[in-house]
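In order of appearance the chains are A, B and C, and numbering begins at 1 in each one.
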Amino acid sequence: MQPQPQTEPVPVLEIRGLTQNFGGLRAVSDFNVELGKNQLTGLIGPNGAGKTTVFNLVSGFYQPSEGMIQVGGVPTAELKPHKISALGVARTFQNIRLWNDMSVMDNIRVAQHYRLGYGFFHSAVRSKRYRRREEEITREATELLDIFELKKYADEYPRNLPYGTQRKLEIARALSIHPKLLLLDEPAAGLNSSDIRELIRLIRWIHGQFDVTIWMIEHHMDVMMELCTHIKVIDFGQTIAEGVPDEIRNHPAVITAYLGDDKI
Amino acid sequence: MLKRYSVHLILTLLGGLIVYLAYFEYLGLYFLSVLMFMGVNIILSSSLNLVNGYMGEFSCGHAGFMCVGAYVASVLGVWLFARDRVFGAPLLDPDYALYAFPVIILAGGVAAALAGLLVAFPSYKTRGDYLAIITIAANYIIISAIENMSSIGGSRGLMGMKGVINAMEDTLYLPWMPIWVFLFTIFCVWVIRRYVSSTFGKGVNAISQDEVAAEIMSVNTNKIKTITFMLSSGLAGIGGGLFAYILGYVNPGSFNILKSTEIMVMVYLGGMGSLSGSILAAIFFTILLELLRPLQIIKWIVIPLVLIILMQFRPEGIMGNRELGQIFPRLKKFYRFK
Amino acid sequence: MLELIIQNVINALQWGSFYALIALGYTLVYGVLTLINFAHGDVFMVGAYIAFFVATFFLVSLGIPGWLVLALCVPLTMILTSMVGVTLERIAYRPLRKKGAHRLYVVITALMCGLILQHANLAIFGASRKAFPPLIQEHVYNVGGVSFTNLKIAVIVTAILVFLILHWIVTRTRVGMAMRAISYDKFAVPLMGIPLDQIIVITFVLGSGFAGLAGLLFAMSYPVLEPYMGALIGWKAFIAAVVGGIGDIRGAFLGGFLLGGIEILVVAFFPSTLRDLIAFTVLLVILTFKPTGFFGVAKTTKI
């Protein structure tokens, strides 16, 4: 055994030269990023810039055409999404994707599949291991719902909950897999201004409370400016700017991408 | 205490009653066979509900898997324990038939589960209507494969299962078929119930509602699909094995798409994703079929008509996707079923 | 050798023509409504029976010469059969659609309608097979060792003509444009002022009408009718439509001819009992590797 050389810590997420082609369309081109532990980073860009594609690539929904993605030092190229989530990548979706005909409690419980520790046989004979694991899972899920103040909805179906609560539940579900990296895809979409205030508080609280790196896409600039320490801007799949929020706010390329050219 | 054991108690009493009535021949042969078909139908409808209801797929070829189970169980039984024109003298002492019978039926189930892979593999890539076609094709493939195996009777069918039952009854005189059908019915419902109520099995439901979210939230969708298809078709195989032994005769034609449709009718009658609905529907449907028997051909006009009307006015079936305990919460005080 | 190949190609084309003509009914309805119209195979069977009754009526009761009967039979059968299809649509499918019922319930209803058609037929006309009267003199031509009949050629030519007409309707006419629009977005189409129900009725008229035509041709080629004849051939045609890529006219024809080809090929080399087994296995393999068929477009999930 050789002693591990003490270098700088492995980044939570490392993307190098990521390119994705859909037919003739280059949705993402030569994308690079390195997210360290406990960062709160933003990804912005106009509609169709390729932001969600980057998230889909990270969560394994697409196979990248080129480039490399590593989560905690593990390359994810050949992995199926459920394996990647087991590595500690959780996400929410632009359009909420909860399991609408399962109770809120079950929504949290099913997300524990990666560390269930039992299979079909145990569930059929209700072995000791099964009962222990089910108990643990239920207890942890209850705790999680409790700290998210969702416990009173435990037996409700998600579709009967207010929109803001559904967003919150989706974030809770993502956190229930104890992620190292949490991807939030437009968490403020469809929320009213008081909900957005609430969301900002929630994300900040999560960032302080859980040991997690957060990477988020958002169109509400005030949310991004308030929360993120670092923002990356892409347009047509290419990185056009990055830096701290104040730099981004006044970056000429960003203004052009969002507001268009002066020259008409 | 009562809550915990009430289901066991009721089932034991019911089973005891049936065996008692059958043993002293208070129940006519006809009535007994209707009861047994009820049991088989419960197995078939609840196992198909696993795929069509809980997983939200559309399998139209359930009878194919039933066919595999029926043939494997029949051939094994006849070959091992009965004197038959095709297979000759029994291979083992007929005294063992009693003990081997459940194993034979389970072997049919295992074979059917393997046949289920025929559908499970394509289901990784496709779902919905396209998978429905694959199930239809699978049904036809299984039937015509058996039709082409002349060594086990081909399209003429296979007989001799009565010999195995006789061997069992010679060893110990008890109404073995009702007993086994009863036990296997409970076994199947019990396995399904436990599977779908575990966190593991709820992955099935998650796939049905949002497959993408399921995969991304760490559910190994391919594995769950494989297990669910295999379980569903395996249980259908058990049902098929019992079906073959009740009739004492099988031929491939009795497992065609019409049979699959019949099972599908029961599932949708009961409600997708409701186990108690499937059971109730199977009981109801078996009785309906028997009541309509005097109508002969007209029966197959009346039943579809009833179903069409049902679809118009109560498309979610008898129970919707709820269980008995959810509709009558008070019942929960009296039983616990796990 | 060459004669044998050509002979089999002709047989395959004729056999495939029936599948193609039926498959197109499935594909049209599926393309517009994303509904598997499981009753379609039985509509084909009803078509054959309608052709039978129309033909015997004219031939026996009125004593009209065969060629004239055929000329009358074609439009009459197509019209009457399409009325059957439209009736199913109006009575069974439309109310469900209006209620916004789950697609699956409509499929089940279709399946049940098929059963009703089959068994109503059985109940009314009994299980005895009906012999279709010969309408035209069948000539056997023999060119260089390849034998074919005028009927065979007529079947193939009809199938190709139907394909051309339908392709023209779907791609060139306003109705066809509306059909394609509906299959693209069912909710936006009525907002654009396209009469949804009318287009759907036209779809059923086309699909069932050509199923009726197939029924007539089938009855002329294989003049024995029985109530279950629609079931197996219907299921097969449906699978053929899917293999070709359901929702696409070209797919229906490609799939139909492909299935016809496979079946003829199997029969040429193996015992004919293996026909279904091998044909279905080939289709299953194709669908496993190309689930949406040849012309089908995979619906991409967007997240």
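Everything that follows uses one rule, which is that contacts are C-beta pairs under 8 Å (C-beta built on N, C-alpha and C of every residue); 3 or more make two chains touch, one makes a residue touch a chain.
All values reported here derive from a predicted model rather than from experimental measurement.
Of all chains, C has its CA centroid at the greatest distance from the CA centroid of chain A. Centrality by C-alpha centroid: the chain sitting nearest the overall protein C-alpha mean is B. Chain geometry summary: the mean Cα position of chain A and that of chain B are 43 Å apart.
Put simply, the C-alpha centre of chain A and that of chain C have 49 angstrom between them.
Distance between chain B and chain C, defined via averaged C-alpha coordinates, is recorded as 34 Å.
For chain B, residues that reach two or more other chains under the stated contact definition are 212.
Among the residues of chain A, those in touch with two or more other chains are 61, 93, 97.
Contact with two or more other chains is made by residues 303 of chain C. On the chain B side of its complex with chain C, the touching residues are 58, 118, 121-122, 125-126, 129-130, 132-134, 136-138, 140-141, 144-145, 147-148, 212, 257-258, 261, 264-265, 268, 272, 297-298, 300-301, 303-305, 307-308, 311-312, 315.
Against chain B, in their complex, chain A makes its touches with residues 59-61, 80-82, 85-86, 90-91, 93, 97-102, 106, 109-114, 116, 118-120, 122-124, 126, 130, 133-134, 137, 173-174, 177.
Across the complex, chain A is touched by residues 191, 194-195, 198-203, 205-206, 209-210, 212-222, 227, 231, 321, 338 of chain B. Those residues of chain C that touch chain B in the complex are listed here as 30, 34, 36, 92, 95-96, 99, 101-102, 104-105, 107-109, 111-113, 115-116, 118-120, 122-123, 231, 235, 238-239, 242, 246, 273-274, 276-277, 280-281, 283-284, 287-288, 291-292, 301, 303.
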